[in-house]
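Each of the two complexes below includes subunit A, the first together with subunit B, the second together with subunit C.
Then we have the complex of A and B:
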């Protein structure tokens, strides 16, 4: 069975299953073209916890919980649960912080970029192009000797922090715990945060995806990186299967609408779609994994990936507290008003590009 | 033809090793770390198993840190 997951057929089948399920999640209640978006879902979870107060995006997303638990299950079953940490955790926190800023300016992580494409949202092409450029810049730094150093085996507790945190979130969600009047846990009553599939379905999809991704090393960033560094198409074949499967499901359920604008929870500000994802691509490349992969590694016991996730959580809070996010396109009086990030969001992306480039330039193994 | 892989602690070491090995005239190829060896999504260096001793000596002499060597 291990050999199946390691094989080309294994990752293609897994990518297709995950892609199909992601498209179906929209049918079952998730926001349009957002069956799975690791950045948006992290932001929604941050909102539910009250870390930001944007009322339309507050909901603990069970898919992310499923990612952690599914990956943990896969790791435990195949004896790959390896608590480890120590590879420049603070830098990884910063990378997570800026990765999600870039993604939320584009209004999606690479998973959502591919799902938006599979839904006909052509703005995703700009985002994907920026993402590829960002990963290529990361590879440039890798070739110069960039390294965050090796991690080391650590006590089991380190590897269990994220799974336990995920379980606590699950309980808070299932029991709709309220910590007081106007206090978390928040549940959006309108907007994307109010659109969600039933909890158990979201959780089940997350677990299946987490398990398959842990077994196959599915990674939307690695797919690009491996092509650039060594012309290896193994991970990319899984990503392509993901896109094609999501596309076919969208066609079948009538959720394929090609065009640039208006597209749901998206904007057509081409420059910032591109630049936001350059920042995201660089950050994920320097951190060694796309946001999904960081969750799967955290489920395997990787404490450094867990810190990256906490960086994303805090970054998402900053995005909505400081008005950095991309604003979707709107139709006003029958005319299209192109959205995009505020001036603060644009500044944040530029600052992020500089800081992440500085990390890429200066971090070397001691 | 029997192959082995050198596994590294980080991708940048793998890239450096490829450079050193090619300069030393070895026939090597960067490949993703075989899934059976590790769940890490790292980069490994595939080489001809008969070159093993000479290659590892060269890498050590040039200060390239490796995590391990596996036959595939």
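Then we have the complex of A and C:
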């Protein structure tokens, strides 16, 4: 069984299952072209907790809870639950912080970039191109000897922080706990945060995806990185299966609409779609995994991946408190108004590129 | 005496890069020490792709990936 998951066919089948389920989640209620978006869902969760007050993007996303619990399950069943930490945690927090700024300027992490493409949103091509460039810059640093140093085995408590956090989020969601008037937990009444599949379906899909991804090491960043570094197409074959399966499901359920504008929860500001994802790609490459993979590793007990996730959670709060996110295209009086990030969002991306490049340049194993 | 590459605790893709570097240097056998299943699988894959023989052993909560010509 272990062999199957490590095989080429194993990752292709797993990628296809995750992609098909992600496309189906839209049919079951998730926002358009957003069956699974790790960055968007982290942002929605930050909003539900009141870390930001953008009323349209507040919802504790059960898919992410499922990612952690599914990966934990896979790790426990196959004896891969290994609490570990200590590989430059603060830098990982910073990488998570800037990764989500880049992703939310584009309006999606690599997961959603691929799903947007599978739904016909051609702006995703700019995002994916930027993402590939970002990962290539990360590879350049890796080849120069970039390293965040070694993690070490640590006490079980470290490995249980994220699963316990996930369970607490699940309870807050299931019981719709309210901490008072105008206090969390928030549930969006309109906008993307109000669109969601039934909780148990989302949770189940998350657990299945988390389990499969933990077993196969599915990674939307590693797919690109491994091709650039060593022409290894193993992970890429999983990602291609993910895209093709989502595309076929979209065709079947009438959710494939090719074009640039207007696309749902997307903008056609090409430069910033590109640059936002350069920043995200670099950050994920330097952190050793895409945002989904960080959740899966956190479920396996990786405390450094957990810190990266907390960096994303705080970064998402900053994005919305400081108006950094990309604004979707709109149709006003029959005319297209192209969206994109505010000036502050653009500055944040530039600052992020400089800081993340400085991390890539300076961090080496002592 | 096997050449030992200690890749324990390193993030992806560093264990693979270190293993590949050792393979390019051409001194066999090589023992790559890793501590996660992911690194074990990745190092195994890259060595097998290069047409080399691979044997994996569990040791001290981690794995030794032994690569031979």
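The working rule: the second predicted complex is superposed on the first by the 366 of 366 C-alpha atoms of A that agree within 3 Å, B and C clash if a C-alpha of one lies under 4 Å from a C-alpha of the other, contacts with A are read in each partner's own complex, and residues count from 1 in each chain.
One rule holds for everything that comes next: a residue touches a chain if its C-beta (ideal position, glycine included) is under 8 Å from a C-beta of that chain, and two chains touch if they have at least 3 such contacts.
Bear in mind the structure is a predicted one, so any value in this text is a computation, not a measurement.
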**Message:** Contacts for A:153 in the overlay, against subunit B (first) and subunit C (second): which applies, first, second, both or neither?
**Reply:** second
**Message:** Applying the document's definition of touch, where does A:142 land relative to subunit B and subunit C: first, second, both, or neither?
**Reply:** both
**Request:** Go through the superposed model and pick first if A:234 touches only subunit B, second if only subunit C, both, or neither.
**Result:** both
**Message:** Just checking: does A:289 make contact with subunit B only, subunit C only, both, or neither of them? Give me first, second, both or neither.
**Reply:** both
**Prompt:** Now for A:90: first (subunit B), second (subunit C), both, or neither, which partner does it touch?
**Reply:** neither
**Prompt:** Where does A:6 make contact in the superposed view: on subunit B (first), on subunit C (second), on both, or on neither?
**Reply:** both
**Request:** Would you sort A:222 into first (subunit B), second (subunit C), both or neither based on which partner it touches?
**Result:** both
**Message:** Under the contact rule defined above, give the subunit A residues that sit at the interface with subunit B and also at the interface with subunit C.
**Reply:** 6, 80, 82, 142-143, 147-150, 217, 219, 222, 226, 229-230, 232, 234, 288-289, 300
**In the complex, subunit C residues that touch subunit A** = 8-14, 16-17, 20, 35-38, 41-42, 45-46, 49, 61
**Prompt:** Along subunit A, where are the residues that touch subunit C in the complex?
**Reply:** 6, 78, 80, 82, 84, 86-87, 142-143, 147-153, 217, 219, 222, 225-226, 229-230, 232, 234, 287-289, 300, 304
**Request:** Going by the contact rule at the top, pick out the subunit A residues touching subunit B in the complex.
**Result:** 2-3, 5-6, 75, 80, 82, 142-143, 145-150, 214, 216-217, 219, 222, 226, 229-230, 232, 234-235, 288-289, 293, 300, 364-365
**Asked** Can you name the residues of subunit B that touch subunit A in the complex?
**Response** 9-13, 15-16, 29-32, 34-36, 39, 41, 43, 65, 67
